[in-house]
Amino acid sequence: MAEIVTKTDYMPKSRGKLRSFCAAFIHKKTAVASFFFFCLLIILALIGPSIVPYNPQTPDYNHVLQGPSWLHLAGTDEYGRDVFSRLIVGTRLSLGVGISSVLLGAVAGTILGLISGYFGKWVDKTIMRICDVFFAFPDILLAIGIIAILGPGLQNVVIAVAIFNIPSFARVVRGKTLEVKEMLFIEATRSIGATKSRIIFKHVFPETFSTIIVYLTMNLGTAILAAASLSFLGLGASPSSSDWGAMLSMSRDYMGTAFHLVFFPGLIIFLTVLSLNIMGDGLRDVLDPKSKD
Amino acid sequence: MYDLLNVKGLKTAFKNNNQRVSVVNGVDFGINKGEIVGIVGESGCGKSVTSLSIMRLLHDTTGDIQDGKVTFKGENLLDLSERSMRKIRGKEIAMIFQEPMTSLNPVMKIGKQLMQGIILHLKYSKEKAKKHAIDTLKSVGIPRAEDIMNEYPHQLSGGMRQRVMIAIAMSCEPELLIADEPTTALDVTIQAQILELMKRLQSDRGTAILMITHDLGVVAEVCDRVIVMYAGRVVEEASVDELFESPRHPYTKDLIESVPKIGERKSRLYSIPGHVPNPNQMPNGCKFAPRCQHAMEICFNKEPELTSEEKRKHRCWLYQQNNVGREQNLGSK
Amino acid sequence: MAANNLLEVKNIKKYFPLSKGWFSAKGHVKAVDQVSFSIQRGETFSLVGESGCGKSTLGRLINGLIKSDDGEIIFKGKNLTGANEKAWRSYRKPMQMIFQDPYASLSPRMKIKDILDEPLKIHHPELSKETRKTMVQEILDVCGIDAYHLDKYAHEFSGGQRQRIGIARALILKPELIIADEPVSALDVSIQAQVLNLLKELQENYQLTYLFISHDLSVVEHISDKIAVMYLGNIVEISPAEDIFSRPKHPYTQALLSAVPIPNPKVKRERIMLKGEIPNAANPPKGCKFHSRCPHAMDICKTVEPQLKKVEGQMVACHLY
Amino acid sequence: MGKYVIKRIIGIIPLLVVVSFIVFLFIHLIPGDPARLIAGKEATVKEIQAIRHELHLDEPIFQQYLIYMDGLLHGDFGESIKSHIPVMHLIGERMLPSIELSLLSMGWALVFGILIGVLSAVFKNRWPDYGGMVTAVSGISLPNFWLGLVMIQLFSVQLGWLPTGGADSWKGYIMPSIALGAGIMAMIARFTRSSLVQTLKEDFIRTGRSRGLSSMTIVFGHALKSSLIPVVTVAGLQFGFLLGGSVVVETVFSFPGMGRLLIDSIQLRDYPVVQAELLLFSFEFILVNLVVDLLYGFLNPKISYET
Amino acid sequence: KGPSDSESASSAKNDKDITIAVNQNFTTLDPQNVSDTLSISATHAMYEGLVGFDKNMTIKPVLATDYKVSKDGLVYTFNLRKNVKFHDGATFDANAVKANFDRIQGSKGSLTASHYLKNLKDIKVIDDNTVQFTLTKPFSAMLNKFAMIPMISPKAIKKYGKNIGLHPVGTGPFEFVKWNQGESLILKKNPDYWDSNYPKVNKVTFKSVPENGSRVAMLKTGEADFVYPLPEQNVKSLKSSSDISIDQTESTIVRYVSINTNKKPFNNKKVRLAMNYALNKDTYIKVVKNGFGSKLDSTMSPKTQFYSKQGVYEYNLDKAKKLMKEAGYPNGFSAEIWGDTASDTMKGMQFVQQQLAKIGIKLKVKAMEQGTLSNEIYSPKTPDQAKVQLWYVSWSPSSGDADGATRSLFSSESFPPNGANTAYYKNNEVDSLIKKANKSTDPDEQAKIYKQIQKDIYSDAPWIFLGVDTILSGHRNNLKGVYVLPDGSINIKNAQLK
């Protein structure tokens, strides 16, 4: 190749993957704000119990159901416990259970969905029909079954919520996979001799990723509430633990009389889900090579 | 000044890795009504981007037009609102995209894609539009046109898709047709048929065509005038006959030299040595200088202007000796 | 001679079902209909023919990307008919494909360097990252793409650049057989020349074999040893390259050659214009599929389908001979 | 395609037999004894035994299954252990309102979800997008009961426009369908947005623009269809869940749906009712998912089913 | 303004129609197979028994004009009311009564009512208007049980068979019109009711409205004329309304925590007493019951037969701590408290947890779904296998009788799985007293015996005695005569609109 004279050694300063990722992410103001909010939540989850103004478990029967005031920023509950402190302390449990269960469900569901969608034929049929049956099973029945088999416990709540999530993720991912696998570049990848697992995880998966992100971030709120309702069936945390979902559900009867009991847990769940969604969108944008900025 | 389209100093840049890179760098040319103008040039020199810029279709990319003027029938397209631009697109200026697979809607039947524009711009009734669509498909040589109307792009061969693209663009009988490599995927008989069709469109309707192609044979066959681009710039412009007869710019010469010709089998084809410089390392002077056999000192220092000479234009110091002298004098002072 | 065959295709067939009705397919597009040929090692076998006649489909069949309805594919003496995906996979290293549609065949979310790295990763896991990186740069360089572009995504390239990336991806593995579906259609002549030179050079050095699909007859002439002309799912003529251009036998081949545009505005040539409607691949004419447009059509052409036969060292399927 | 549909519908039958067996095993194996739950806390072992005998609960589980299947083959879903009311009657009366409510909820959730999604995608990272996001996130993270009670307070108590609950007039469907649809709308909006954002970057959109199509035509005529697969998937899922009824919404709006019946039956281990409902739901999901699969083929012609 | 604008609320109603919103679904309308109080309320509007309860849960004749009990307590003779017709026109007579009892006994235990007839030997038709029942052994609460067995038209029993639960035909003041599963039950006036003073309204609609907030809203909008139960939290806000009144009824429902006296450390009476002293009942009522309820000062509610007041274990933390020390647990211990998943149970359990924490008892609150809970409690075959420690629960004797409030809770025969003595309370003296009370036919003697029983048990403290529920119901002021009985069933016979 004599004619190639100018062999350029020039390379653009190729930044590390992580660094360029961060650099791109930084440009999204809302995403960064959400990220900081989320970090705050994580910090609260870690150190929350040691910075709260009141012991979240100590009742004060003389000050029950008080509205927000300077003393009690988010008011007090039916036992006179400080709602604000309970919310902060509840961060760990709610976020922990919510995030881990959704993640677990997402990972398992995604794998199943990819396999089902890519392989098709009987694999697809089997997985999807099992999912159909799972869909038909109400949560409460699964919860009872899980208590019977695994016994109660927080980790089992995580497992239970994850199990609810698996079939839905599987279906969502499968739908997208069916679409992606027909794209020409998948055929091109097959033509270079890529293994199925490589095609599935390196090529199909990234295409389904933004769908997964959306489902994942949207499901967090649902998972926090689901975890609470399982607690009520005796599967998980004790009803006295300060978990957001449980606080919200317990205060149902006070809707008309002590609105703050519903409002604040609802607000924090809303903000958490919102921040995750914004972050998810940011992430999606950053990972999208066609993204504008 | 041309009476249909004038492009002046068009400059388009893309942003990647947070740097702006100009890929079209001050392009000037124009088209008269009913004229077929070819654009040839190095792959990646900005032909497609130029045409997208004219149509203002960089919307969804990271690119934007930085400078310049695109006057179409006296109006600067770059100043138009999106709404007025919409009225021009498809109806007055239509475009055939280079990549037919991805440029067709994969989930919409061919017929519908075709008819949409017809109904919108020609205001035909549904039945009439359908008939027109089928006729157009037949005219671009699509067999079993009625069936194809009900098929999806992935069921067609590459060449068929390309013909569908052509049909879509031609169906509304635009005043200017920008055809970005319209016949690359077609066999020569069909190609001939399409070129014929285009010529007919030109002669019957007075449609002007901007034909971007690599096939110098096609250029020779249909174009009236040719523009040669290199690295985001126009380097030469001439009528077809003149260009093939006496190419001025060394790049044009080399290009013509590289064409394989039937009946002249040789073991190696001529190809221009070297690469197009990457946008970050654009030489100061003439962009072609590093690969040019006639490069002079000045070529490396100062970029030549696009100068007119009779009916042709070129951007090369070889033909601007006077200027060179003066510049050199100035330089040595 | 047969022993030297790298690839042998026998009576291969692919019908695509036509727009699905509610209960049964309305018919079939006979994309590839009983095609047989063989390619020798180190040879360039070109396929030319009308657009939509089944060239790409043939390429995909040979690479096992779609399943044939009938017929055999024998690669390196192994019959691949009915092999499963796993078996195919092991043949894909020595048999690479360049797709007609370069853009759609590139992963939209992968940087070019990763796209090119991938075949290496799959087939040469033993290579170090550094080695692979240099190999990628080398092949890109050879294909005329600056290392500056390594970090870009497919959509950030021009049509010709994408095509070169596709070529690079196929070449990087140094395969034995390359199925090149219009590999140079979007390249300007200079780069086209450069790529063609490269292909030839590789062939000389490594005994590469090409199945070359193209519409550009001048390119085909330049590169091929043997040329097959396809028409509506059938091969109508197979000849050594020199012969086909000097003595085209089949009327379709003749028409094709006469239609090649010449890059000289002064030269005008007599052109055989094909008349008649282009026949329907779903319902091809009886007898010789070309007879409806053939200037020399005879009565027999309407009823009897001609078979490939040897005529002066060329294989032609035409009743004229 | 017709063949495929018929094949899949026929395939449902053996599937349902398998499902019935799994469900049967599962609900009989989880702890809890219907005899005890029905007889009450005071009942003695002897009484409980008598009831168990009456209900065939003392027989081997496989035997019980055969008895059940025998009834099922004769179209008899059995009767409620608790009330002796035929299961068909219990479910039948609740099914129609449930289906109507589901359709209504799904209908508006789809329309508004897609609209919000489209707006968010078209005005990506601008205020309509953020507005859409906040709406969607509210829709999903506001608990149903909250939304329901607030609506009752507002529309029934304060304004007197709508009845607090019940299904005796179409007005009774409005608030429950809003409460049910909010979450679905949220999901649909987010999926539409995410999918559409990607589609709008495809080259064929550029083709559309190059032909002078209006943004409306481009979005709704071109981009939307190829963005709908994830949307259809979740919509299908959610629709399945809707048909199964939502305990919370049924509770808040005193709506006679199937959800509450199911929960009550589970708590009482009213096997025949639970069994029948689960079979019904499985059937629904299989059917809904079949429709979704067919829609895939419609939305993306490259996806084919013929095996 | 509200209701008049609302179509469904106004058009469906006229002056003589009433709507009653309740918190559950009806399960069945087979009066001999109902077990939940709500369905009992509904069946009582359509059906009547030989005897029945009045507002204070005392027995009074209904379809019988009078009755006689033999000295040995084994033979019950009823004289039946004449000229009573079932809704389908069938005549009510002795044969009808027999047909009903035959149905129950023939059900081999699958009808709820058969539990009431455990001691019934046979039934004899003396003449058209007289029936006689013979028991196998004396059973003092038998009359209460008769009150729980309404009479179905024998014609209907034949006609509908098993499906009688969907087609109720009785003698009561209201006739069945329609039952919309899961939604509502509509009854209309029985024009041929034997007591021509009743009924005074034309149509009664029961609506099941499980959500507390929605029920209250219905009362406010006028969609419901009567709601039960009325959530305690809403009392304050409703009191200010001029067209709504709130009724309070002391119930027979007692709230307590049963303590497994068979298990360490609960077998130590001092521990049990300490737990009782450590729990502040006033606060309990204030916090858990929102101020409505009274302290449980016996093993049964004041509204139950033969109730006798005991001295409450008043809140005394020091005493509790002292007792713990004496019992050998100065630092307390850990234990589990069980309960179902109803929200007020969870609230109560948490309260107990908070209170007992003060004497060092660390409770783990374990809420369990009903079926699982019942399994946990009733599956152990022997007391030693039992895992239950503390159980937060409530009890209401189904027929308001003292036996029902005592035997299954405290007799050693009633250890699970044979009954609900989850305290595994065994006191020989109590056991024999219970037997004695059953044999006795003299109410005064019974009263004495039950007084002793209550005293013994209360002092043994097998429970943490918490409170007695107050039943709250609300109605619009133009409605009179609908009331809730102490057992939680609604009586609408006297309903009247002004």
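Observations on the structure shown:
Should a chain be cited, it is by its letter among A, B, C, D and E, assigned in written order, with residues numbered from 1 in that chain.
Assume contacts are C-beta pairs under 8 Å (C-beta built on N, C-alpha and C of every residue); 3 or more make two chains touch, one makes a residue touch a chain.
Computed from a prediction, not measured in an experiment: that's the story for all the values here.
Chains that touch both chain B and chain E: A, D. Farthest from chain D, judged by the mean position of CA atoms in each chain, is B. Among the other chains, E has the CA centre that is most remote from the centre of chain C.
The chain pair with the larger count of C-beta pairs in contact, out of D-E and A-E, is D-E. Remark: chain A and chain B have CA centroids separated by 49 Å (rounded to whole angstrom).
Separating the centre of chain B from that of chain C, both taken as means of CA atoms, is a distance of 27 Å.
Centroid to centroid, with C-alpha atoms defining each point, chain A and chain D lie 22 Å apart.
For chain A, residues that reach two or more other chains under the stated contact definition are 3-4, 8, 10, 12, 140, 144, 148, 182, 184, 252, 255-256, 290.
Across the assembly, chain E contributes 213, 369, 371-372 as residues in contact with two or more other chains.
For chain C, residues touching at least two other chains, in rising order: 101, 103-104, 146, 148, 151, 155, 194. Against chain C, in their complex, chain B makes its touches with residues 14, 16-17, 40-49, 61, 98-102, 138, 141-144, 147, 150-151, 155-160, 162-163, 180-181, 184-192, 195, 214-221, 240-241, 244-245, 254-256, 258-263, 265-272, 275-276, 278-281. The part of chain A that touches chain D in the complex is made up of residues 28, 30, 120-121, 128-129, 132-133, 135-138, 140-141, 144-145, 148, 168, 171-172, 174-176, 178-179, 182, 210-211, 213-215, 218, 221-222, 225, 248-249, 252, 255-256, 262, 266, 269-270, 273-274, 277-278, 281, 284-285, 288, 290.
Interface of chain C with chain B (complex): residues 16, 18-19, 29, 48-57, 100-104, 144, 146, 148-149, 151-152, 155-161, 164, 181-182, 185-194, 196-197, 200, 215-219, 221-222, 242, 245, 255-257, 259-266, 271, 273-274, 277-283. On chain D, the positions that touch chain A within their shared complex are 15, 19, 22-23, 26-27, 29-32, 125, 130, 133-134, 136-138, 140-143, 145-146, 149-150, 153, 183, 186-187, 190-191, 194-195, 197-198, 201, 229-230, 232-234, 236-237, 240-241, 244, 262-263, 266, 274, 278, 281-282, 284-286, 289, 292, 296, 300, 302-303, 307. Interface residues of chain B, counted against chain A in their complex, comprise 15, 17-18, 60-62, 101, 154, 271, 273-275, 277-278, 280-281, 290.
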